[in-house]
Amino acid sequence: MSVVLSESHPEHPFNLIPELCRKFFDLGWATGTGGGISIKMGDKYYVAPSGVQKERIRPDEIFILDAEQEVVEEPRTTEKKLKMSECTPLFFNAYRMRNAGACLHTHSQSCVLISLLCDKEFRISHIEMIKGVSNNVTKKALGFRNSLVVPIIENTDFEADLTSSMAECMKKYPESCAVLVRRHGMYVWGDTWQKAKGAVECIDYLMELAIRMKSLGLEWEPQPKSVP
Amino acid sequence: MSVVLSESHPEHPFNLIPELCRKFFDLGWATGTGGGISIKMGDKYYVAPSGVQKERIRPDEIFILDAEQEVVEEPRTTEKKLKMSECTPLFFNAYRMRNAGACLHTHSQSCVLISLLCDKEFRISHIEMIKGVSNNVTKKALGFRNSLVVPIIENTDFEADLTSSMAECMKKYPESCAVLVRRHGMYVWGDTWQKAKGAVECIDYLMELAIRMKSLGLEWEPQPKSVP
Amino acid sequence: MSVVLSESHPEHPFNLIPELCRKFFDLGWATGTGGGISIKMGDKYYVAPSGVQKERIRPDEIFILDAEQEVVEEPRTTEKKLKMSECTPLFFNAYRMRNAGACLHTHSQSCVLISLLCDKEFRISHIEMIKGVSNNVTKKALGFRNSLVVPIIENTDFEADLTSSMAECMKKYPESCAVLVRRHGMYVWGDTWQKAKGAVECIDYLMELAIRMKSLGLEWEPQPKSVP
Amino acid sequence: MSVVLSESHPEHPFNLIPELCRKFFDLGWATGTGGGISIKMGDKYYVAPSGVQKERIRPDEIFILDAEQEVVEEPRTTEKKLKMSECTPLFFNAYRMRNAGACLHTHSQSCVLISLLCDKEFRISHIEMIKGVSNNVTKKALGFRNSLVVPIIENTDFEADLTSSMAECMKKYPESCAVLVRRHGMYVWGDTWQKAKGAVECIDYLMELAIRMKSLGLEWEPQPKSVP
């Protein structure tokens, strides 16, 4: 966000991160303390804490970091000792390499299943919801006939160990706004939190749809001539 | 609506469109900024904005149009510059050709899957929920033994380009209150917003049911003699 | 309910029927104006109106009937002209033949699918949730090893025409607290609204589970010796 | 909980048990009066009542027991006569044998289906969400490459009769924080209510995922060499 909002504004990251975490929990994307959310406002980076129930995060539990990934403000709560999200270096891949305004991490079952059904990439085309995802190079929305391509990296024992393979993958797929982690989940980013949220909703929809299409024997990326 | 409600009434379109958009979002029919809603009250046509998070629309973000599809009142918000829904000419197909009181557009997964399982039409009969849909010519509810028929048109690169093929399809299927757009979603209308909402709930239920029936090897339109 | 509650009590039928209708709507059991609820309190029978959005019913929209099925109090609203639920004679089957305290009607997809997968009865045994359903003759809860049996009647063009076949079925199955209507939905009753609600939750759970079991090749009513 | 909270605190068991019961109901884990929750605070054990609608439990309906499983405080409500949960001796297995801080019981469909697809144990590995479950001996979180193992016991006619077979199973599987009851549901415990809740969310997620994996022909516990 280029505009810096007051702390009482419902879209200030102190309030927005808890709200979006509750939504992600309700969708099954962030249960069992899984998943995570980070939003940039001005020159500050707001990050949810690690290992907590995502639907119960409060405004005073959020970390504030600078562009060097240093904590500039600890969570204000005095009730508990919090750890910063282990996803932080992965969020910063999106901030540094793509100048993102927000980065979201989900553990949705559709991500895990798609990562098991695909080899190096998930590809789907000719579905309207593809138009809700932008090309990270041209900054334009994908077209209905374009293929959405989400690359897949292998999972590691510790989340932070994904940092370099995610960065490498982002270099190889400069147009993509998302990376799937096999048997784990997905990272999605955008220029603003609204774009990141719209993208994760579209991509998760497309992955769930693709699983149902597979069960019904339907093709994900039809030959152009077979689509009117 | 023939009765013109005050702006504070919960069923005034300023309040009802945001409420129904939230419901559609929660049902997965309008995620990722997809879907749209338009309601007529008196001689005014209320339309939700384009490309926004549908569950966060506020009363001051709604456009008001006249019968010529001209904007007579811009959204009152001064916080953001909004674009009118790209579905507007499609909503007006329903207003002009069917004298509708409301037109709804969803991106539900069941619509997309049904559009991939059918050729020119979706047909189902002998399910009680069919009775919740009206015949647009006779204005009577369909009977249990009638076939609900929803025609399918092909998707285009830009939503507005669907206008003429939707209109043509509506001429060919005068009894239908809905048009499926292949690989995209559905438009449903009704004489009132209540009827349009009831119809979309019944048709989506029937499509989801049909997908589950197919997985279980059950027929959608049984021969009359095989149904008691 | 033997205790007569004041109109302001949240469990007075004026408040409870709207609350339960909202829950049923959210579960997909009463969308598109489908489904219905009736509760007895003292010597009065409370019935929801017909053809309305079930999640928007208000306390002043409920009909009150006596034991002869005559309206003793019209809905108090002056805003609209309401029709009494077409399910009323079916609810009264449960009141007259079983001395029920409440009767619930759902259009859930699991009911419709089960009615298409079975011939004359749905039968399942050896699942813990069966214990949430009572035998209508002995008034005792079913045991884990008992078979839950729900008889199925054929649907008719008009809901009221189900009255006699439902009554006949209830005579033939005196132990059952539910009747499935093929391609339509289910009626479930209980001595109290709590028991009716508990029963419909258990039976719907068992039907949904049975559909998933069928997809996985699992048997609904295993031979006793094959279950430890 | 080692800290003893005041009764007005939202995380006091009087308030937390009703809140978690509502959540479990909404997830389909505690419908039809099924399921149950118990939390320890200080040297007191709080237990929800038996045979009631789990989403309507109030703070004044909770039983308080001591370490000898004796009731030290009856529910304060004077409106109804409540029975203590039949799961109580099973909850105390977790308190006595594992020094648990909370024990949760669900009737989720995924538990029942997994119990029908497996013989003596449910096993899954190489899925990120496994890391949300702790080893009860080492008290450390499982690793991504570890197998989560949940043992299965046979159901009995009366819940209390599961007490000894559950205890025996817990001795045989000292590392496990959960026991599946075939055709019935699951018991899950943790050092704190937060850990128990996190574990049940992860395990249920893994079971639901495993059912979907099976439908898609995917393996639950791949050979190490076949996973990068």
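A, B, C and D label the chains in the order they appear, each numbered from 1.
Just so it is clear, a residue touches a chain if its C-beta (ideal position, glycine included) is under 8 Å from a C-beta of that chain, and two chains touch if they have at least 3 such contacts.
Being a predicted model, the structure only gives us computed values, none of them experimental.
Distances between chain centres, each the mean of the C-alpha atoms, put A farthest from subunit C.
Centre to centre, using the average C-alpha position, subunit C and subunit D are separated by 30 Å.
Subunit C has its Cα centroid 43 Å from the Cα centroid of subunit A. Residue positions of subunit B with contacts to 2 or more other chains are 215.
If each chain is drawn as a node and touching chains are joined, the picture is one closed loop, every chain linked to exactly two others.
Every residue of subunit A that touches subunit D in the complex is listed here, in rising order: 28, 31-34, 53, 107, 109, 112-113, 116-117, 154-157, 181-185, 211, 214-215.
Partner subunit B is touched in their complex by these residues of subunit A: 126-129, 132, 143-145, 194, 197-199, 201-202, 205, 208-209, 212-213, 215-216, 218, 227-228.
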